[in-house]
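Multiple structures follow.
Next come two complexes built around subunit A: one with subunit B, the other with subunit C.
Let's look at the complex of A and B:
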């Protein structure tokens, strides 16, 4: 899909983001509009900003891709991404706001009065931020490749450069407006094409066999295999081949493939006929996604619960989400904001599964080429075609870039802030710029090294680390008065650290198989209890280290602000 | 497999960094081997042990600090048991013979009263208890006995008496330093309270005069102004808490500007540009209003034409950046430097130096005011306010919409 509209659409999104970011401030010149200029951000605006920052490439592209490849089981992803805010609402939102903390390290320091725990929390913020940035950059690379045929890494580099430039120049002066704008942009970019796609589907006779196994081709389709892969056939199939199959060269030959496994070399073109079942593929390059998918297929229950735990409990530890709550004027507003976020995100997540289901009907070959994440981008052109399809495709592409930009800039600011405050030696603007560059350079380098991870999966790993390190810290810090600094440090190190190692091994394509692989690929189910248990046990073992002002601190976390003022007065 | 290795490196690097940092923190220069003669070596060892015992004691004599330092002190003296007491009970007992606690406290009454050390024989029923003698050395701060250091040994020894006396004196010095630290903290707190801004008397006189001038001609306007005046004074006489939010401070500034505008009319124009993200930031009470007051004074001073003041508050990540700028008469930078250094007292009002002092007290020396000015070139005052600072919490709540 090399449409001429996509690149201007992407450029437009970037320019609009920069402009809203630089000039979106309220300015007052007379007395009467003073109240407008100094009005705090209301729950709905702040909720749109949080949603805008939160809905990343994983939500915009990844979920549809996973639903396309693996079917309705993957609907747990949107459910988990949304329900995380329910946990946040119930246990964390208001007390976190009342703590006065801006970042997670701030919270650790406010609650435990320990610089060491603060620094450890900072290290985990950087780790989670980098893990989360990685799939954003990869998603950008994929999008640009699909749109223009540019090399794989170019999109990631563009997003990295744009975000670093904006953040380092202090261009996000009205970040709340930018992110709220991005939310509505993303919603529009998915909703409008989805309406047209559903109409096209209706016009096509509304076929309902989207989740039939296996999916079938609805028309004759040429599939180009970019990476060498192993094709698994349940039953014999006749295809037309140009390229190398099972080590034999073919030139536009009709070939009957027997049931079993066949190796397709790269740059081979396969032509499937209408009604052919879509074969399943095994990437021969040792990439992660098939083996992760495989172990998911082997242990669906374990994988599902691992995913649920990671997403439910991981949301509260996302560094870029937490800082947005500071904008709420008080604890009650923070709660209202979270309720609004639930509504906005819940509405958004109805759309990606629609793309996934339609993708199974109209672009099933994406499961073969490993570009399933591109389903959202390809569907408008595939189903509608012509100028209309191109325009809708451009709209989707713009929305996808909005997703990369907003999440990446929020994460970069959070990571750069921690790097500047707690890691780099002296303070100052120059150091913030250095921190920004560092915050972006590491995931960019990593994205060049490790590849081939479906974006929704990669984001799930970041959630797992966050759930195992920050969830125990926040929940116990807010609700348990006997938490001690050594306990918090040990829990974060053991829970978060082990999840981090498991994630690292998974991302690196840990060669082992079987139960070990499943344990490493969905660490949350064991690492979250491990984190909680360590934190509780070590805290109980060090009762002398409970910070002196704990009672007063917890009272401040839990008392509504009105009462607090009266108590003090 | 190169992808596997690279990924593993990426995953392991942060953990390595954390381990390195932890290791550096916990590592102690234990081995001093190869440093000079045995005598020098022993000296180093002693000084090193003493320096390790010092930091906990700098926080005063409590159970926790005593526990942390007692082990080092016992190493220093080389005795079987060492205990630190305050005036009434044993804070920590390090070493063997814990059952002597009560006996020691009984015998301590004398030394604690006189402030002189002594050695006495311990009575003990346990046949295997090695402690037969106790050496008491009082800990004194400013000639007042705060507690005692007791070293217990199997036999009487003049060396131990001398050594215990010296160590007790060294501990006393540490406690005196702790005392000094405490009084310094109290001084800073008192200073913050004393610096707590008051509104200038001139402003009250001028405001009342302006309101009086409207009472006959425009009673409605006079009423409004009186209410603004009431709001502003209520805010500035507020007693609870040393901190407020940027939103509340801006509202106070708005009330203040309404009163000033009534006096100067069209001569004063104000532009506000506030990023809503920074409105919840907590900051010292009345620390921006004096800056605005200063800008008004400088802007309108000695000239009859218009003055423009702009107030901006920007969000810069972990900090809020507040800039107050006027296009008035400006100031000689050298004079300003001397005013801020406290060499020259400013003419009337609580000026910039008060705000500067308080910001430094609360946020540290890196957060003083930045002032750009020259004669005839206006003045631009920049304040950086961290969004989070331990101990800084606004007492009140934000104004309801």
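Let's look at the complex of A and C:
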């Protein structure tokens, strides 16, 4: 592939990230600087930073790959990722900033005056953060492997080392600069090649069958199947086969496959003719995308609503998202920042569907090889070719690495913050550095351990867990004065815990199939109401435990800053 | 980063304090500051207005997005429509909804400040 340009591009991104981080380091001096950039980050810089942090590998590579494989239903992912910010703005943004807490556990303690709830929230922050870090590290490994053939773990280790160094050295202030820089880098890395790709598509006579179902091959193409997979055909299809199909060896034979499921063994070569529909495939392959293809096929409508609920409500509880709101100077700025974030993220998400649609036209065989996540990386070479294609491919590769670096550093920051304040004995800058190393070491070790598992599901899991634990805590904590510590703890445990167990059981392949499978694979639809209901009912059952200062605290959350100077909370 | 400088440095953070106290000593404001029952009623009314604004926009969002999966499910032939709506059509309305809410929320806060300080 185009390793000649891709490696320098990735190296450049890493070096630029370190340099921008070092620039922030010169300003970052006090503990407050470390955690929340002294709360002086303006809306524009902060919005770019939030967006840069939020657009992870799943957004940069995964969405285009998912759309390529499963069609437009998967566009609900980016819509949900964006709408999550709107819900966050409506119910959480300004009061959260006015609460004046550093992290989610700080919020829990400030609102409920209960160290136990604080520790529970801390455990969920660390858990969700680690779940989300895992696919970032594995995605980095996958990208580097696709680009250069380097060993699988190398990309993850590079990301882990760079991120740990930046976060430990500079903290939030330097991270703010790094994230803002990386939003624009990611946008450029996706926008510029997209423009050229659309031009190439126009030069090709602007074929419009990208939206056809199923996608078809535009020319004769040889597909090499890397991992054993089950091919599903709706109509009979004639292909030329070299390898093993349905347990029988073939050597360059023309084979008529009947409608139904056929097992294609590893390293089989299939030649499709022009105009053949692209068959659908089930493989155990991982990748970056929150896949779960099978459960979607069983209950598409249920699954779609589950996805909408999880992403709409889960965003507000993602630890790396929430910690950013403390860096706004005041509540009004926090709101305006969120609007800017919506615009920036929405603008970015216009691009992955373009790649997905073009991928269906020009690289439909990726659905069979299990490398659909590489569609964004491969399209420039495939459609433009030559030095131009190589350079654009290198630009995309650099952007993908920026995606891993930025999301990973934000998550590390959030997890390290919780570890430093709640787990490690003393507070201070030195312990924060220790916490950073710890925050990154665990998911790195886990990614080495679980290697081949479809950890991409962890992204969806993180959203579902966050939607059923932190969403009730934040919304009820901000708007409902009768919330009690036992209620909050029970709601988080039951809602978040059951979502966690449900997706864990699905990933382990527990229920097999049927409606139970769909219920467990998309827990948000029942676990979010469960979390809310538990929190409300247990709170109502323990009216004596409403914290004494509740009224004053809610006044602090909601009063505009002009009136706050004299309110003693 | 020189270590001694780190320790000597004192950073004062937080929002700017009130500029003048003249307007701050009318009754409602004092009620809020002293956390009397009347003060709590003021805060409660602000919370209710803000929650109403949030729920209104949330309901619009639900009405906008909620029926879409159903529509796409009953019209399997409208693939291109699904591509256009989900891929490119929803982001602008989301941003507009956000701006509408922010304007409303800020107006609510301004009204409240006026109510509390100038009556």
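Operating definition for what follows: the second predicted complex is superposed on the first by the 495 of 569 C-alpha atoms of A that agree within 3 Å, B and C clash if a C-alpha of one lies under 4 Å from a C-alpha of the other, contacts with A are read in each partner's own complex, and residues count from 1 in each chain.
Operating definition for what follows: a residue touches a chain if its C-beta (ideal position, glycine included) is under 8 Å from a C-beta of that chain, and two chains touch if they have at least 3 such contacts.
Because the structure is predicted, anything quoted here is derived from the model rather than measured.
S.K.: Looking at A:385 after the superposition, I want to know if it touches subunit B, subunit C, both of them or none. Which is it: first, second, both, neither?
M.R.: Neither partner.
S.K.: For A:76, using the defined touch cut-off, is the partner it touches subunit B, subunit C, both, or neither? Pick first, second, both or neither.
M.R.: Only subunit C is touched by A:76; subunit B is not.
S.K.: Could you tell me if A:500 is touching subunit B, subunit C, both of them or neither one (first, second, both, neither)?
M.R.: Only subunit B is touched by A:500; subunit C is not.
S.K.: Once chain A of both complexes is superposed, is A:203 in touch with subunit B (first), subunit C (second), both, or neither?
M.R.: A:203 contacts neither subunit B nor subunit C.
S.K.: State whether A:87 touches subunit B only (first), subunit C only (second), both chains, or neither.
M.R.: Only subunit C is touched by A:87; subunit B is not.
S.K.: May I ask you to decide whether A:554 touches subunit B, subunit C, both, or neither, giving the answer as first, second, both or neither?
M.R.: second
S.K.: Should A:335 be classified as contacting the first partner (subunit B), the second (subunit C), both, or neither?
M.R.: A:335: touches subunit C, not subunit B.
S.K.: Using the superposition on chain A described above, determine whether A:562 touches subunit B (first), subunit C (second), both, or neither.
M.R.: In the superposition, A:562 contacts both subunit B and subunit C.
S.K.: Quick check for you: in the superposed arrangement, does A:353 touch first (subunit B), second (subunit C), both or neither?
M.R.: Touch partner of A:353: subunit C, not subunit B.
S.K.: Pick out the shared contact residues on subunit A: the ones touching subunit B in one complex and subunit C in the other.
M.R.: 25, 29, 38-40, 329-330, 561-562, 564-565, 568
S.K.: Help me check something: in the complex, which residues belonging to subunit C touch subunit A?
M.R.: Touch residues, subunit C against subunit A: 1, 5-6, 9, 11, 13-15, 17-18, 24, 29, 32-33, 35, 39-40, 43, 46-47, 50-51, 54, 57-58, 61, 65, 69-70, 72-73, 79-80, 82-83, 86-88, 90-92, 94-95, 97-99, 101-102, 105-106, 109-110, 112-113, 116-117.
S.K.: What does subunit A use to touch subunit C in their complex?
M.R.: 25, 29-30, 32-33, 38-40, 71-73, 75-76, 79, 82-83, 85-87, 89-91, 94, 211-213, 300-301, 304-305, 308, 329-330, 332, 335-336, 338-339, 342-343, 346-347, 349-350, 353, 357, 429, 479, 551-552, 554-555, 558-568
S.K.: For subunit A, which residues count as touching subunit B in their complex?
M.R.: Touch list, subunit A to subunit B: 25-29, 31, 34, 37-42, 100-103, 106, 109-110, 113, 116, 119-120, 123, 126-127, 170, 172-176, 286, 326-330, 413, 416-417, 420-421, 427, 432, 446, 449-451, 493, 497, 500-501, 503-505, 507-511, 544, 556, 561-562, 564-565, 568-569.
S.K.: State the interface residues of subunit B toward subunit A in the complex, per the touch definition above.
M.R.: On the subunit B side, the touching residues are 1, 3-8, 10-12, 14-15, 17-18, 21, 25, 64, 239-241, 247, 250-251, 254, 257-258, 261, 269-277, 279-280, 282, 314-318, 366, 387-388, 390, 392-398, 401.
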